[in-house]
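Structure below; questions to follow.
As written, the chain order gives the labels A, B, C and D, with residue 1 at the start of each chain.
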């Protein structure tokens, strides 16, 4: 039994971490950190935890926390983890950062897209990008995990096999993504009000969204060359779920079986990736509440393009679930421990 | 490890049973019965089960099923269970009926409200009404369980302590209930289409809904006299959840503490009933996906009435979850086994 | 052609006023007041008005405004209209106040329920309660209109004929109301975020909601005695719409025809009130975007109660539409001018 | 005052036609055709029309109808209009077909994508594709209008100026479209149930959707060469609205002003097309209930692509509104008559 602390426990990703860790056999949550709700009962902030969590919210003192727990999750805005982490903390506790601070290896690129100075560049090289299915072995040895973004997780896993196998042209990748509103966080802002989101759809961050360089980096590692993509996220009137629809030109004419074999090569043994049957489209509802990634593809012979699709729950595989999966790998637990939730339908 | 069969596995309640039983340590689902989808893969009907359930749908032969399993769940339309069950089946397997067939002890009342002839009246007396928190000891010994309706579960548990303790006048009870659309089932009907339900609210079955006599019976048992109520259900644009707002006149002036004590007397030790803190209203979202019942009340001194509120997930505590809870009691398992889901928010 | 000014034009009711007045043949909107968005283009605050409204937002200087326009609408928080209005303003322009400031004739009652001091009690007597179907003649002569609240409009109109005709017992009235989220306004608050409201239902303001005394006053006028009610509002995951389900004991046994005759007596000639056919339940979707009130009732002989139901669009008949209807009466326009919108479905 | 008949009046597009025509000064609806609801009151099928429409539903006898009305709208499944129309009918009444029967000039292409035989190929050449902003002059003279599909309307208008002006490469066009559920019609099918659509998003008809050749034809006319595109529609949990996000490679480096000038060249004088301000994204909510098309674009210099976006209400500009606009052109009415609805928000 290890002890875990959550910094940023009152955001939606923090709340989901609490939900998953409470059902985890090897972990006890010892610290619900929340700058905004210090000394309030956690179950008063999140009524779903009534009678399940008695703890009050604590501050975000990472140094103090490192003395008490084995693993620290930071589910906080960009910049906070980098401003708090140091060598002493990392020598005492493993850190899984759900923010973007350690995802991008090029500090200049990070600072340009995020518009803030990086306060701990010395740890960027050490940090392991926690996309479990791709970087499993490195994760097992890591002290500091950069937990992937929600869009990058879904995008990368949907495209990776075809890029890795050289079936698609890296210069032609277009990613059109759709996300439920929990991805926008729990901050009280007019555009996230019920009446603004409901019965509406819009794109946002067109050609400027911060997840773009993160996806480009991961796709670049897959094909061994620089990749520039178009990435357009959309806000969807639903709570949870990301659907990625990605387009790329095929390098040559391929059969369904060849493309399918590429997916199977990398994912056939993966617990959490489900390559659907031919012509079945991923649906966010069918992964809701679970750590699954549903992927599939369609070849369009007329245009010689392939359409790649992926669906995740943005709060699970796109945030808290993948963080738990990373923790499991780092501590030698069963990789699926605490992540056995079956997608809930309807 | 026991074996279970589900007749009606492709309705929403059947699907939820499958979700819960797959996570249950003591049960294996051996039979996914579905008249409409015989020989089709269950995971093709419910894509959330892809890679999780390999079985194909079977017919609804309850006699054959009783030879293979220890417990049979019937999540089927009214009348089917009564038309299939017999002494031989009950001698081989326990039956938990999620339909209304055995909920009402007066067969004439059943036939009047449901408009069908009862095919197995000889089992009505034996059948135990499976409201676990009220009838726990009888359930443990039962062969045949009448699993309560969704509205009756939420209504009865919200009102029971005050009626049992004689604090409210049984002749003044009004129940205004609101339900998510999964309660209407998976049948393809125009009124249940997305565009008809979304951005809309309406009452239905006003003064005629079939759950009325079931609620009246249970409230009658609680106070030892006949009870007639007004019960008005409403259809809400959400997938899951029932909220009950019930009104009754107080027999005398009472304090918050007295009423609270009545709830605590019956529910303080119950795992699945949460009496919320003063002035906190139950919310369906805060029980979603779980077996919890959240209840609370408000005294209105101006009108000398009390407002009683309760929230459940209609597919869990209102159907499949309570069925599993009943099974646990009948087979001597931990009452909460398979029901540890934490409410999912958002 | 008269000129109108809106104070509070950037709230949801203000936005709806703008929508309705833009289609009104006799009115030109000359002032879009908004303290929060002064000098910003109105169409930048509400993108639906792009290319339709060129004006910028103005301050809330009611005295200056009275010099420029014939009618002033205040769609502002409680207390603002009372703090701004004075004799000089009323001598120059008619005022239609969409807040609660002049709805309650007993200033002490207002101050108790709203928790603020009333700044212009001298105008309370003069103000006419703008429920058009009940107070039409007084409205025609008024300088100052207290535009009714959304819940009181729907509640009063649903119950009025039966109370006026003495068919129901005033001491037994219970009103269970359900509202779309636009009723909560455009303020950026966590409980109104999409993810908090969606897939959720809860009661709020139980036994304490400020619309209670307003409804009680109106029902009291109808039956000529003091009325105390239970009023419980609920927040529904939809943008627009209020549904009222009201319960009362019948004074004597009555037939469908007798009750129907009571409704017809008051509403048969009303353009905006539709008494539905027998057994058809009002639905909010069927009045959406329009000024209609759909009402109906059901007699329950078992309990000797009647269930009265009403549906409105909270932003139209519950706010801006009724305000326009009041303006039409005050200025001698056709009562339905600018209010010919047909309910939009789906 | 002309008379109009609607065949297929009880589908969602037919219902919307009725809503728009009821507010039209020059038209009276004389025939509500509906094979499924013959002899039932139209207002019983669509409760929003209670007290507004007294008519009963009629059959779909187009020949009889042509004797009674000046214009016939067919809002019916593919194939019906072609099977009914003939020279005699066209000599008596103008026909506006909201189905796909006369949209595609190559009958073989139509039969391949729709899988049915075309029953009236002799009228295909004569039929005018009713995209009003592009084909206005031909529409004015037409007897038979092929009213454009919802996706093709939004897609074509979003892309047209750039293609026409030669700014983008026709071989690189990818259209990712998102639609509200009313586009799926009012047929009672499991995939369109509330619980299946709500809290879910999925692509459908990937690489095979029937609107693909229609869009390709229109884009081909704009650039004077054959165009093949990728078109991927998605089902969104909302009632109304289509958002198109389209991608294409720029032929050369261009400035914002150059692209903006292309849009202005074609749309500056159009009543119903609104080219939004720089960096403002179209939102379906901001056109809901109206005939507007909101378009905008974003240049991505990194990838040398342009992202084009468009939003419409699928039932208005995507169906009934455009049909009325076509009728207005054909009969010499003001083009905007009956179409002055202001988008409703929220």
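The criterion applied here is as follows: a residue touches a chain if its C-beta (ideal position, glycine included) is under 8 Å from a C-beta of that chain, and two chains touch if they have at least 3 such contacts.
Small disclaimer: the values here were computed from a predicted structure and weren't measured.
Of all chains, the one whose CA centroid is most distant from that of chain D is B. In terms of C-beta pairs in contact, the better-connected of the chain pairs A-C and B-C is B-C. Each chain gets a centre from the mean of its Cα atoms; for chain A and chain B, those two points are 36 Å apart. Centre to centre, using the average C-alpha position, chain B and chain C are separated by 38 Å. Rounded to whole angstrom, the centroid-to-centroid distance between chain A and chain C, based on C-alpha atoms, equals 46 Å. Those residues of chain B in touch with two or more other chains are numbered 12, 182, 195-196, 198-199, 237-240, 283, 285, 288, 346. With chains as nodes and touching pairs as edges, the resulting graph is complete, every pair of chains being joined. Those residues of chain C lying in contact with chain B across their complex are 174, 176, 178, 180, 195-196, 198-204, 206-207, 228-230, 232, 234, 236-241, 243, 245, 247, 281-285, 288, 298-300, 302-303, 305, 307, 309, 311, 346.
Of all residues in chain D, only 12, 15, 19, 22-23, 46-52, 182, 199, 239-240, 274, 276-277, 280, 283, 285-289, 294, 340-346 touch chain C in the complex they form.
By the touch rule above, chain B contacts chain D in their complex via residues 12, 181-182, 186, 188-190, 192-199, 237-239.
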